[in-house]
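Every chain is named by a letter (A, B, C, D, E and F) in the order it is written, and numbering of its residues begins at 1.
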Amino acid sequence: MAEEPMTRFPVPDLEDMPADVRERIEAETERSGFTPNVFTAFAYRPGQFRAFFDYYDALVEESPLAREELEMVVVAVSGANDCLYCVVAHGALLRIYADDPHLAEQLATNHRTANISDAHRAMCDVAVKLTEDPAAVGESDIERLRDHGFSMEEIWDIGSTAALFNLSNRMAHFADMRPNEEFYELGR
Amino acid sequence: MAEEPMTRFPVPDLEDMPADVRERIEAETERSGFTPNVFTAFAYRPGQFRAFFDYYDALVEESPLAREELEMVVVAVSGANDCLYCVVAHGALLRIYADDPHLAEQLATNHRTANISDAHRAMCDVAVKLTEDPAAVGESDIERLRDHGFSMEEIWDIGSTAALFNLSNRMAHFADMRPNEEFYELGR
Amino acid sequence: MAEEPMTRFPVPDLEDMPADVRERIEAETERSGFTPNVFTAFAYRPGQFRAFFDYYDALVEESPLAREELEMVVVAVSGANDCLYCVVAHGALLRIYADDPHLAEQLATNHRTANISDAHRAMCDVAVKLTEDPAAVGESDIERLRDHGFSMEEIWDIGSTAALFNLSNRMAHFADMRPNEEFYELGR
Amino acid sequence: MAEEPMTRFPVPDLEDMPADVRERIEAETERSGFTPNVFTAFAYRPGQFRAFFDYYDALVEESPLAREELEMVVVAVSGANDCLYCVVAHGALLRIYADDPHLAEQLATNHRTANISDAHRAMCDVAVKLTEDPAAVGESDIERLRDHGFSMEEIWDIGSTAALFNLSNRMAHFADMRPNEEFYELGR
Amino acid sequence: MAEEPMTRFPVPDLEDMPADVRERIEAETERSGFTPNVFTAFAYRPGQFRAFFDYYDALVEESPLAREELEMVVVAVSGANDCLYCVVAHGALLRIYADDPHLAEQLATNHRTANISDAHRAMCDVAVKLTEDPAAVGESDIERLRDHGFSMEEIWDIGSTAALFNLSNRMAHFADMRPNEEFYELGR
Amino acid sequence: MAEEPMTRFPVPDLEDMPADVRERIEAETERSGFTPNVFTAFAYRPGQFRAFFDYYDALVEESPLAREELEMVVVAVSGANDCLYCVVAHGALLRIYADDPHLAEQLATNHRTANISDAHRAMCDVAVKLTEDPAAVGESDIERLRDHGFSMEEIWDIGSTAALFNLSNRMAHFADMRPNEEFYELGR
């Protein structure tokens, strides 16, 4: 039995949504084979829906970071924030993009014990520090990423991906968004 | 002497920005009399610039919450995150929209000792809880806001404003965005 | 390629272990089809090996709690402690004993958003509180469990299972114990 | 007037205990001149009683660490966990084994200001770090102990003693175990 | 409309105060043009009033630190403790003594992003560390201040000013002391 | 061998102290039979010496709280702050004034498991809350103390004693003040 997209706010019907929101959801549904619940939930507030997914798209489509790297940051941050929706949904994406069935569970539980390169360890360290103690992030964190070969645009995008999911994790907690059952199995 | 918009990433020149980003900045500059540094800083990544300001606009333009209420949430959250840029810049906006020269300093220091109504105290309590301990937010927090008369859309927007500034505060910390000197004086 | 049982201490060879330890490991290997790395790792100190597994057996074999309930406590506690080994290994056991492929990921990420009964929510709340803030556990926590129908022996065993995995999680962190790859797939 | 062994669970009678548990308690009583309350309390669940004391015995009897060193770890960890039973009972043991009437109070209050060698300071630092932030313990902590001359078996036992008392402190908090009055005076 | 000095304890009348307390308050009122609420509030307990202001005077009158430096420590500490009274009242003093209208808001929000010298950054780092994690302050903190050229008496006074406002911030929170409206505007 | 009063600042000689400071120390030495190290340490800055001891005297001499109650607050707060000097020195005073050899160790380790009345439990709860999370103290904490029969002056003095030892504990940490050996034995 499918889970409701969220439990704390009214779940909008597809037919009541603005055309562009509905089309975006239909495209996503066609691509995925199901409608990820975060789309339905965010459609409760269409203006915020558009901006939220545009931000994510700006990262996915324009970042010099590999998609796999973006999803590593997402899963590490979402694990640090104890966010079930994002751990399960983006865990699935990470399994697919990294072609690794175990990496998501490692990063969500404790990025420090994940089987990743030193550069990716630094990337996740900084993303999680920006999540847990943002005022403590300083010049030395930027330098550490540079020392691992990340460009300035890549470094901005590591921070920006972490920041976006500090928004996303909080909306998932606030609305009690529920992961679609399909996500649990994808990419195993 | 004006502060640089940010110290850790290259500051883009207006003439190198995409036309729509430049136009948005020019409009903001005309309205404010100066260019808020967050605009220049975010223009480093134009796709993220567009999405970030669209999200903020979606709140400001479409929320049933008063602008003053949105800025109260912003300042309380930014104070909890120790974010100088957002405390100073949105503190100025709050002084103007609330027509109160002291409220911003109260909310940024400790929203619990601010001179605000019980409903606004509940609003800020939930926004700060979502900031500091997001996984602990639960049904009872939503109910508390309902009991104070907030509609479901208003409640979503309280959470969403808090979530957006958990993104924004982190980007300001990450890039070391510096508040324009003009903000310190506005609305006193 | 199989992971080493642990990275920070010498991994003992089966042939060098005391006979009873070796026999225990061989029995476990026959039952599971592989040797769980915690057995090999703990065999570095045979006296502690015996006591540690005797404690776990005393819970599994003598507790009035269902095995599924014990493993729920283990996974919730190990998630709170960010322990990869125990989340992965006992997550597999929980999928099997609860006959539920999703429950482990839910409990490890955030026991508060898991699909569990109110009684099991109370059980996990108390186990996680005993993990994160042990000095704050009080009479009211015991009463809450009684109100959900747990017997005094069951309540002791909830606390004792949580306490044992506060030992176990720390040894896994200290020795950097690595989960066997087989665990990731079991019970999906 | 003697304190009850614990306030939250039924205190078992000696005559109702399994023979081996009763004998163990009688031996301890003969040696100490009184029955330490942790023995009576743990006898509520005999299988766990046997495993718990076997683990402690495995450390006391088989560790290359001096008994005094084991008890230093116990007191520092129990102080960090605010556990009255273990601070008082093992504080007495530490006064006796270290032949020092002040060391227990120093370690329980703040191991960093105790009058101990640099090697023992490192030992207690790592034990307390494993107590308070177990996921942060890493290779550098092991190396620091090696640099102070501890063998690999000794290092394991430092971690294992800390881990065992993270179990023990939690059971004492959970059951509200009360220290025998005799412990307060021993070794002064 | 003036705020009451405090909301949780009876506010003493000037005429009921001991002569020396009244005279001290009248002198302060003459100098400031208004009676700072902390004077009226502390007069509830005259013996403590005398000692508290004597401590502050001993710093202001006898310290080799500049008054501006003392107030920098006060504002950074009071910001870390979220104390509205002290942030607002001593923020005003800092604006005046440092002849800088922005420094107080910077230090209260986040001393790490304030426009201050490296020596003053070290001074505030140590003061805030002594506030937030006093048991972690160690020899290296003293050395860092020496390396920046502070004398031993200056270092003591940095610690002592921080310590005094850990008293003062707590009394302001406890009694709910309210800043006079005049403070908000002074020194802008 | 006696411990030095403090390790991080020059220890002043009695003959170099101002006459009133020296006389105060000599009186204390005559009463106690030894010179408590906090007196010698604070004499490094005579103006602060006078104010600090005047504050303590104002509590001891003028408070409607019993001396035993004041020392209970001191020990609970100093335990929460992990301050060795104050736990040992005021632990001795508490043993004497409460005529109870065990109470100090109980309160320093965990005031929640001390053998005290419900009123004293509330007193220590509020004092420790004001120590650990001062911004969270609110009207309900004052009311709880009133409900236990404390007068408004007594409540102020509970808060004020806690606040003073948040100063004192920090100075003891900062200067590394060492407890006199005599304190460990007093009142056993």
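Things worth noting here:
Going forward, contacts are C-beta pairs under 8 Å (C-beta built on N, C-alpha and C of every residue); 3 or more make two chains touch, one makes a residue touch a chain.
Since the structure is predicted, the reported quantities are computational estimates derived from the model, not experimental observations.
The greatest centre-to-centre distance from subunit B, using averaged C-alpha positions, is reached by D. C-beta contact counts were set side by side for D-F and D-E; D-F has more. Taking each chain's centre as the mean of its C-alpha atoms, the one that lies farthest from the centre of subunit F is A.
Averaging Cα coordinates per chain places subunit A and subunit D 44 Å apart. Between the Cα centres of subunit C and subunit D there is a gap of 22 Å. Shared contact sites, meaning residues of subunit D that touch two or more other chains, fall at 82-83, 110, 135, 176. Each chain pair that touches appears in this list: A-B, A-C, A-D, A-E, B-C, B-E, B-F, C-D, C-F, D-E, D-F, E-F. Subunit E contributes residues 110, 112 to its touches with subunit A in the complex.
The residues of subunit A lying in touch with subunit E in their complex are 135-136, 138. By the touch criterion given at the top, residues 8-10, 44-45, 47-48, 50-52, 54-55, 57-59, 61-62, 81-83, 130-131, 134-135, 137, 139, 142, 152-153, 155-157, 159-160, 162-164, 166-171, 173-176 of subunit D touch subunit C in their complex.
Interface residues of subunit D facing subunit F in the complex, by the touch rule stated above, are 79, 82-84, 87-88, 91, 101-102, 105-106, 108-110, 113-114, 176, 178, 181, 184-185, 188.
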